[in-house]
Amino acid sequence: MMAITRRGVLAIPALAALPAAAEAAGTVRIGYIEPLTGNAAAAGQSIKAAAMLAVDIINTPHPDLAPMPLAAGAGLTRLGGAKVDVVWADNQGSPSVGQSDAIRLITQDRVVALCGAYQSSVTLTASAVAERYGIPFLTGESVAANLTGRGYKWFFRTTPFGPDFAKLYLDFLADVAKTGMATGKIAIVHENTDYGTSVASSISKVAASRGVKIAQTISYSANGTDVSPQVLQLKNSKPDVVIFISYTSDAILYMKTFKTLGYRPPIVIGDDSGFSDPSFAKSVGDISQGALDRSAFVAGKPGSLPYKVNALFKQRTGRDLDDTTARSMQGFLVMCDAINRAGSTKPEAIRQALVATDLKADELMIGYKGVKFDSHGQNILAYSLMIQLQGKGYVPVWPAGRATAKLALPFKGWT
Amino acid sequence: MILLQLGVDGLLLGAVYALFSSGLTLIWGMMNVVNFAHGDFVMVAMYVAFFAFTLLGVGPIVFVPLAAITLFGLGVLVYVALVRHVMRGPMLAQIISTFGLALFLRYAALWLFSANFVSLPDTLVGGVYDLGGLRLSASHLLAGATALVLTLGMHLLLTRTDLGSRMLAVSEDRTAAALVGIRPDPMQALAWGIGAASTGVAGALIALFFYVSPEVGNSFTLLAFVTVCLGGFGSVPGALLAGLAIGVIQSISAYFLGPATKDVAVYALFVLLLWVRPQGLLGRA
Amino acid sequence: MKNFPRVLLIAAAAALVAAPFLTGNPFYQRIAALTALAAISASAWNLIGGYGGQVSFGHSVYFGIGAYASLLAYTKLGVPPIAGAPLGVLASFALSVIVGLPSFRLRGHYFSMATIAIAALAEVLVTNWGFAGGAIGLMGPASPRSLADLLFRSALPYYALFVAVLASLLGFTYLMQRGRMGFYLRALGSGERAAESLGVPIRRYKLYALLVSGAFTSLAGSLYAVMVGFIDPGSGFGILVSVNMVVMSALGGAGTLFGPLVGAIILVPLEETTNALLGGGSSGAAYVVYGAIIMLIARFSPGGLAQWWPLLSGKGRRGAA
């Protein structure tokens, strides 16, 4: 009894010696919370690779990426060329672990700002900690509507979120309807965790406000083993449009089941996530031809900034940047730019720089119209376009101004 | 027509449930040991199939036996190195041992293979049969048929062979079995091996139509528990019947009541059945 | 343990309790708070699972009920989250009677499996229950409206609160252990048939133990929700919530007074620091190590660490069985 208790006491001072919080001279530390293990680890690891690329772009000269802030010089120029250093924390997909991470990064690693945290639920709890400590928190990827609007002073979001996507889909469908295709009967199929539920309800709300009726909503569990009953339901009700809000595993399963049951809805829209995961195109790309997806990131024409950034990413990882990864990377870059403009690592100075952010479209590696925050910390210039799976990969097809390929409808699936 | 399609889909799926539960029921019924790592055994087998295909370029005729052999080895190893030592200890030690094993396997896979979803190409056992509107995929049919053969084989092995009766004797009474000259340890190691090997076959077949990832075992562990419990601990025909029943219930309830309720239907039925008939559908009283 | 010098015991306990106040490091203070919280639910589980030998995997239901009660009280009634804790405890009583009683007819694995299914059922139901936030979950107050919201930047106030609850739970367990109930439960834990033949009113005492166990687990859930300020079906009702209680008790020694506490003191800091050290670096490596440690303990010390205590304190000669 005694020995055990004593060991418990000793353990705590021993722990204190573990991570040295020493600040290297001329280094600015930013905390980055991502799901590096657990269900969403693939996304977390991909974001990590992209952020490390961003660090490299900032810390070493990249004159060819010219209009992008911080690319040309080495380090944060307004901070005497200080280098950016990321301290990583694994949230394991748990809101409580994410909170521990935030506390550790702020108090232990003395980071000046936080980015992350993929799952909206984790972003929610981690940013609450940042708010209490007065440290800026920026999410480039979490899309739940309830994140902004909490009255937080220290929270910023660069990514478009639920209502933006809803508008995008409805605008797109209205445009398609002009070609004479039926788009009136919409079915939403969503996984039932916070991501699927919140995006689905955003779409329903925006649709209702425009007088568009959602004919059918199917909610399912993403870790299920079989989706054929849902596909049969769809096959039976014959919607014009099916919008999927799915993670990777279930998106793959739906496409395989479409083929098995021989069902081709005229228009298939996937809401990012599962459809954007590189594994999706790799494993079921040849039976999902014509599937639509939204994306804020499109590599675009050779010579453009996104194209060059994508090339650098591909050089490191062997694959293309996907939408989620690119949105997170852009968020991180916005944070670094704000710290540089603040010319200081004081939290309040960084916060004010974030509030004053006004980035133009050509300074971004992603397809937003710019970055400018409203009073809730939401980027009002966030933007996405519609892309379509044609051949081996996705190509932008809408709106016309940004399209590089022709929209091909109806959904072809397999041959 | 829809009802028929739903029923057949459910049966094929249920056969797969039965297939990956039969290994669990063998171990569970014979040794009274709960294998929390069961779903992760399935995961290991799925990776064996995946890598056998991508690295060696071999098809199911090779990788299904390969997965069976690998898992047989894993099962024997786990028994000899771990379970043998904890199975006569308190029940809690048994539980945490296989729980630790589950964590170990899952995260070792994550570490080695990354968290990316991978899957075998759709064309490997491609083809869809259209029987007058009833559509069946070849890979589901293959898995379902193998499941039936395998569970039948396992049942015969246990009830009709000398080896089977020796294994059952050990499970009934270790000491008495030892007295009549049956050495319990090799018998139980064999039971683990066979149980794991059948799980291996199941995993390799599931990989034909299901994605593979380190976390995939999660989906299977609880379903296998429910299947085994419903069918009676240790009863192979029970697992088959329970698997089929669960498949059909899920398929029908997902269509008519919505997918969110399909688990509710299965778990609720399971709890009620436990309360009313605790030995399971076909279990011995 | 009975003849152990009481003074030393108290001194050691006091040092342990005070340690987080002495370190100025907020991260270690949070680990201490999380450890105390985990020790509450593990010790509560220990009443029915350790002493009574009824291995429940369904205690996450109680934890979830407590957590949801406090945040529902906040979102629906506007009261401070902690005010929902008594409601959670009442609901836990109802659950013990309605679900616990029929389950008590089941023995061994059947009982464990039934509890797993009940927990899974509860998780699915809450996920689809729009009133309670569905899959999105419920948020606590974004910023404190008054002290009663119990929103602090430092983890120390939480730690103090958790230790107080833990102390009263351990106090209850200590008294129970020495009383008739402890005797009955231990008889039950060592064999149900034997206990029955001794004339132990089995179901009644199982129910008593479950009522207390469930109430404290529910309280732990409420405290969790108050500290974290957010709850969703996975972090309230997920199977891992139950598994943690079981593993901590088993590691320290189920059916002993301090076993679950010892398990929590080892596992929570281990998990948090391995996450801090390895989590960012190599994905999954931390849990590989964690799984290996658990297997080693089960393999070489299946009675939990408790079986080593007599040896370590020089009181006994018995090693691993």
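Letters A, B and C mark the chains as written, and numbering starts fresh at 1 in each.
In this text, a residue touches a chain if its C-beta (ideal position, glycine included) is under 8 Å from a C-beta of that chain, and two chains touch if they have at least 3 such contacts.
Small disclaimer: the values here were computed from a predicted structure and weren't measured.
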item: Chains in simultaneous contact with chain B and chain C; value: A
item: Pair sharing more residue contacts (C-beta pairs) when A-B is set against A-C; value: A-C
item: Longest centre-to-centre distance from chain C, chain (CA-based); value: A
item: Centre-to-centre distance between chain C and chain B (centres being mean Cα positions), rounded to whole Å; value: 31
item: Rounded Å distance, chain A centre to chain C centre (Cα mean); value: 35
item: Multi-partner residues of chain A (each touching 2 or more other chains); value: 37, 41, 44-45, 192, 219, 221
item: Interface hub residues of chain B, defined as touching at least two other chains; value: 107, 110, 114-115, 260, 263
item: Multi-partner residues of chain C (each touching 2 or more other chains); value: 124, 127-128, 283-284, 286-287
item: Residue ranges of chain A in contact with chain B within the complex; value: 37-42, 44-45, 192, 218-221, 223-230, 232-233, 236, 248-249, 252-253, 256, 259-262, 277-279, 283-284, 286-287
item: Chain B-touching residues of chain C, taken from the complex the two chains share; value: 53, 55, 102-103, 105-106, 108-110, 112-114, 116-118, 120-121, 124-125, 127-128, 239, 243, 246-247, 249-251, 254, 282-288, 290-295, 297-300, 302-304, 321
item: Complex contact set, residues of chain C against chain A; value: 1, 4, 8-9, 12-13, 15-16, 19-20, 23, 25-28, 30-32, 34, 124, 127-128, 134-137, 139, 142-143, 151, 153, 155, 224, 228-230, 232, 234-235, 258, 262, 265-266, 269, 272-273, 275-277, 279-281, 283-284, 286-287, 305, 309, 312-313
item: In the complex, chain B residues that touch chain A; value: 2, 5-6, 9, 13, 107, 110, 114-119, 121-122, 128, 130, 135-137, 140, 209-211, 213, 215-216, 218-220, 223, 250-252, 254-255, 258-260, 262-263
item: Residues of chain B that touch chain C when the two form their complex; value: 28, 32, 34, 81-82, 85-86, 89-97, 99-111, 114-115, 214, 222, 225-226, 229, 233, 260-261, 263-264, 267-268, 270-271, 274-275, 278
